[in-house]
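Structures are listed in the sections that come next.
Both of the next two complexes hold subunit A, though its partner changes from subunit B to subunit C.
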Partner chain A sequence: MNQQSWTDRIPWTLVITLAAAMVPFVTSRYYVDLATYIAIFAIFATSLNLLLGTTGLVPFGHAAYFGIGSYVCGLLMGELKVPFLLAFVLGGVGGAIFAALFGFFCVRLTRVYFSMLTLACAQIVWAICFKWNEVTGGEQGYPRVPMPDMAFLDWLPVSGRGLITAKFYLVALVLAAVCIAAMRRITKSPFGRILNTIRDNAERAQFIGIDVRRYQLFAFIIAGGFAGLAGGLFGIYKRGVFPDYAYWTKGAEVLIMSILGGINHFWGPTVGSAVLILLNGVVVSYTEYWPFVLGSILLFLLFAFPGGLLGGIEALYRRLRGQANA
Partner chain B sequence: MLLAFLDPTLLLGQFRSGLTTAMFLFLIASGLSLIFGVLKIINFAHGSLYMLGAYIAWHIVHYLVGNSLLGFGAAVIVAASAVGLIGLAIERLLLRHMYKVEELYQLLFTYALVLIFGDVCKFIWGTQPVSVQRPTLLAGYFEVAGVRMPFYDLMIVVIGFGIAYGFWLMLNRTSWGRIIRAAALDREMLGALGTNVSWLYTGMFTLAAFLAGLSGALVTPIKGIVPGMDIEIILDAFIVVVIGGLGSLWGTLLGSLIYGMVVSFGILLFPRFSIFAAFIMMAAVLIVRPWGLLGRPVK
Partner chain C sequence: MLEVKNLVKSFSGFVATNDVSLTAEKGKVTAVIGPNGAGKSTLFNLITGHLAPTSGRVVLEGRDITGVAPHKICRMGMARSFQRTNIFPKLTVYENLQAAFIAYGGQSLNMFGVATRQFRDKTERMLDSLALDDLAYNIAGELSHGAQKQVELGIALAGDPSILLLDEPTAGMSAQETHESIALLDRIAKERGLTLLFTEHDMEVVFSISDKIAVLHQGRIIATGNPDEVRQNDEVRRVYLGGGKH
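After this line comes the complex of A and B, so read on.
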């Protein structure tokens, strides 16, 4: 299995980023808007998959760290006028700190109890955002997150009001590419391999001397940090931060994205977020019953393609190649 | 503020509201706990079945029978039975195929049902809150030491304890109960001994759905029926079940009482932060005793 296939040698992150960077120049503002969501949710879903696919943990409260990142970044920029990049990074740090705090307890539990505790932690975060009026704005949220001015991108050949959207999209895209490349490095590193070992058989990992909990905690912190980064971008793009960013159903959304793309592939969550967001764009123009459509898709996936889209494509590819060889 | 704790009328009043909340939650959470105990599935859709029960009961009262005691009673029974049948269909058609797959897929399966039922209710009954008036005979109250106890709340408390007692009888005094307890411990062995486990699971899920529908129907005179009530109630039910111990019936009863009392007395102490108390209790129990106060550790 050491043999690399030719697809592994393509620098996918770079190729996808360059292709995606064309979006503002060849399509309308509407698609730039969707593409921005995709970039942000690709970070969020991939960070979730660090736990789900890579480590084999099922968190039901990943939205907590997304929410914390958005609040930290948004409040720093809005209230303390902290520059964008610094606030963005601090949003991630905020997510990681809370992930360390909660993760310390969560990784002590297994299976369904782990999921339940992550859910409880997310709800605690949500309750803080919802009730701490003096700082978070409470139920109303904090709607004064400024858009960074990004003057260095003013030369872009996009006219009028589309310019600010296009500028932020490109910034978000580059940051998403950096985050995803970093996560890819992490999953392919020896550290990532150990996480895979824990996923496949935690007991054996323990036998060969791996401190399972510590590695799970590190994975939890890293995942929380990247979720926080995604949250920061989301808060800026929405020009405000609101308690429902941290609500557990937000975490369920990214779970669905990951499953849709395929949790056994690094690119699965990215594909899943792209497909789901584009589909959402199409469906909501016809009907308000998007959750119904989403639920039906999910049911169909669970019964027909539990490996997600990439899993399905891979199976098809293998089958075709098998027939060609025979 | 602390002086409030010296006022017996106030304390009794809070106790009453805590007890009512607790028994309501028990009605809902008992089904959730039952499903986890026997089927080993965390059912997010339990809240959706509850919501369906509420809407169906409202529909019957509003369009067909009106809110006489008899009409309301009939509506409650019909709604609960209808939801039981929906549960039966879900188990036979879909859930059966999910027992062997990983927990992640089971959780997402029940979550998919939440999404679907949420929209189905919106589609049929709209997004405007609706409500049912208490039947005239149950609208009154009596007073104990200056505290009003509405008849309706008393009825809920009685039904709650009745169901707890009924469950205890069923689980410990009947052959059915013996089989259910066996199924919770070792499904395969039970099947090998000749019990039809597949239908047992169907029966359990139907019963749990019936209870969810029943509690949904019974809540209609107390709370408004709105979209989103499914998500809200399922979290409360999770808290209760986790505190008491997943799969333990007495644990669920204890968890409900603790939750009800903490919320109702917590409002006196920290009016703004009682929303935290519940989640912090849930997290604390999971950290210290993941299997809950009265549950047993599962391997």
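After this line comes the complex of A and C, so read on.
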């Protein structure tokens, strides 16, 4: 008697990936570029939601691990000629190691104090990236991150300069799909359920034998690792790594994406990143007052759908079904 | 068996628990009663490791557990329910109990399994024994107060504890709910041979199911004994039972 709704039986990761893989063949290079951005931020935002929606922690400094991943991956590829996939994985490892280091202290505090401490840690990372000229390139960043070769995709029927964009997009898309599938697996695992109990009621979780801080730290490390992976891809996408990748506003962007899409749904952050990035792409081409438009849209959406876009759709679906049954 | 020996807890000068000694015997029902502010909740928090005592000891089945972290005490076979209902409100009833089995069953770190497939038999048996079958897929936080208390009891029982501490198990319940939940508690305690230690405001409940009653007043125990002895005790009548209403 396992109650499952029909939507759970659809292999969403596969469906979305296949649909998204069509983008280079049906649209222009501009949209392929936006789609790459979305794929990368879908990883980043979903990693944040492992803390926000799954564990009930609100991190203000998630950009730190994104930034660390981008520097580790970018510098390894540019300076030490490390192959792409290895550098990508090491970017994630870098994010996870720093998340373990900072997280150890952050999970000792709760609620807003936790949030502020994660912010402080992110500012430390940003300051180091900004000042450590010899390694990070300081304020100017490190603009020599090479594009991986990806010759195995040369058969793609895309011409000219669009080819490299399309190749990197497909690689980023597959990696995003793997990362997101892994995070989905973790969210639905027994470990994920324990994180849910901590989110719902940390005190009660203690009394079923859960060492709450330890599990929060594990969640923090995993989230930091995936943020690092996203950062690595972003550095390549932008052909360079810069201190503002680790600046706290980058973390605020994914926080907004998650809330916009709906933090109580696994796919909320992915939907949120797609909507926000597409909106940005469209609105910026019409007006320079993008932040004003963004603010208005967010205000409207948050009032109309307090549970985010997916929360709103779910409520609508339930109401329609309720009417059909009545 | 749970022994509390000369337990003292003071909060910056205020003595909330004053030299309390108490034994909850195996398989027996022990009640701690007393007026508001007598220190019942503090005593429970000291026993479950939520607060560290200023002095004194707490011994569970011969092991000294004074100052041990709550999540560790809980693994030694002590379960607790709370005065405020304490469940996982956004999860369904099924998921609540399943989560407790996952935690007690040592699967908390399993990141590759599927949570919904864990401990289904045990979860369903627990739902059945608590008569929660019909509510299994409801969001726990949206249930009636009485049903939430039952979910909480289920979470506590999932660890197959040897002793169960209940802080006002019938607080906020209707007369009907109180009656049902006490009957349920009594049955489950007998079935499992549980040691029960509980606080309660409802004197009818206390005197009907307790084997032993300890009366707490201003942080001190002023009387201990079986229900008849406590009922006859002059000091208890004076400070608490209101001059022989019972």
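As a convention for this text, the second predicted complex is superposed on the first by the 322 of 326 C-alpha atoms of A that agree within 3 Å, B and C clash if a C-alpha of one lies under 4 Å from a C-alpha of the other, contacts with A are read in each partner's own complex, and residues count from 1 in each chain.
One rule holds for everything that comes next: a residue touches a chain if its C-beta (ideal position, glycine included) is under 8 Å from a C-beta of that chain, and two chains touch if they have at least 3 such contacts.
The structure presented is a predicted model; accordingly, all values stated were derived computationally and were not measured.
Student: Could you look at A:Ile38 and tell me whether it touches subunit B, subunit C, both or neither (first, second, both, neither)?
Tutor: neither
Student: Touch check for A:Lys188: first (subunit B), second (subunit C), both, or neither?
Tutor: After superposition on chain A, A:Lys188 lies in contact with subunit C alone.
Student: Scan A:Tyr215 for contacts with subunit B and subunit C and give back first, second, both or neither.
Tutor: second
Student: May I ask you to decide whether A:Ala64 touches subunit B, subunit C, both, or neither, giving the answer as first, second, both or neither?
Tutor: Neither partner.
Student: Would you check which partner chain A:Met77 touches, where first means subunit B only, second means subunit C only, and both and neither mean what they say?
Tutor: neither
Student: Residues of subunit A that sit at the subunit B interface in one complex and at the subunit C interface in the other, please.
Tutor: The answer is that subunit A has no such residue.
Student: Flag every residue of subunit A that touches subunit C in the complex, lowest number first.
Tutor: 1-4, 185-186, 188-194, 196-197, 199-201, 203-212, 215, 218, 264
Student: Taking the complex as given, what residues does subunit C use to touch subunit A?
Tutor: Per the stated touch rule, the residues are 48, 69-72, 74-75, 79-80, 82, 86-91, 94-95, 98-100, 102-104, 107-118, 120, 124, 136-137, 155-156, 158-159.
Student: Quick one: in the complex, what on subunit B touches subunit A?
Tutor: 42, 94, 97-98, 101, 103-105, 107-109, 111-116, 118-120, 122-123, 231, 235, 238-239, 242, 246, 272-273, 275-276, 279-280, 282-283, 286-287, 290-291
Student: Can you check the complex and tell me which residues of subunit A touch subunit B?
Tutor: Against subunit B, the touching part of subunit A is residues 52, 58, 60, 105, 108-109, 111-113, 115-117, 119-121, 123-124, 127-128, 130-131, 248-249, 252, 255-256, 259, 289, 291-292, 294-296, 298-299, 302-303, 306.
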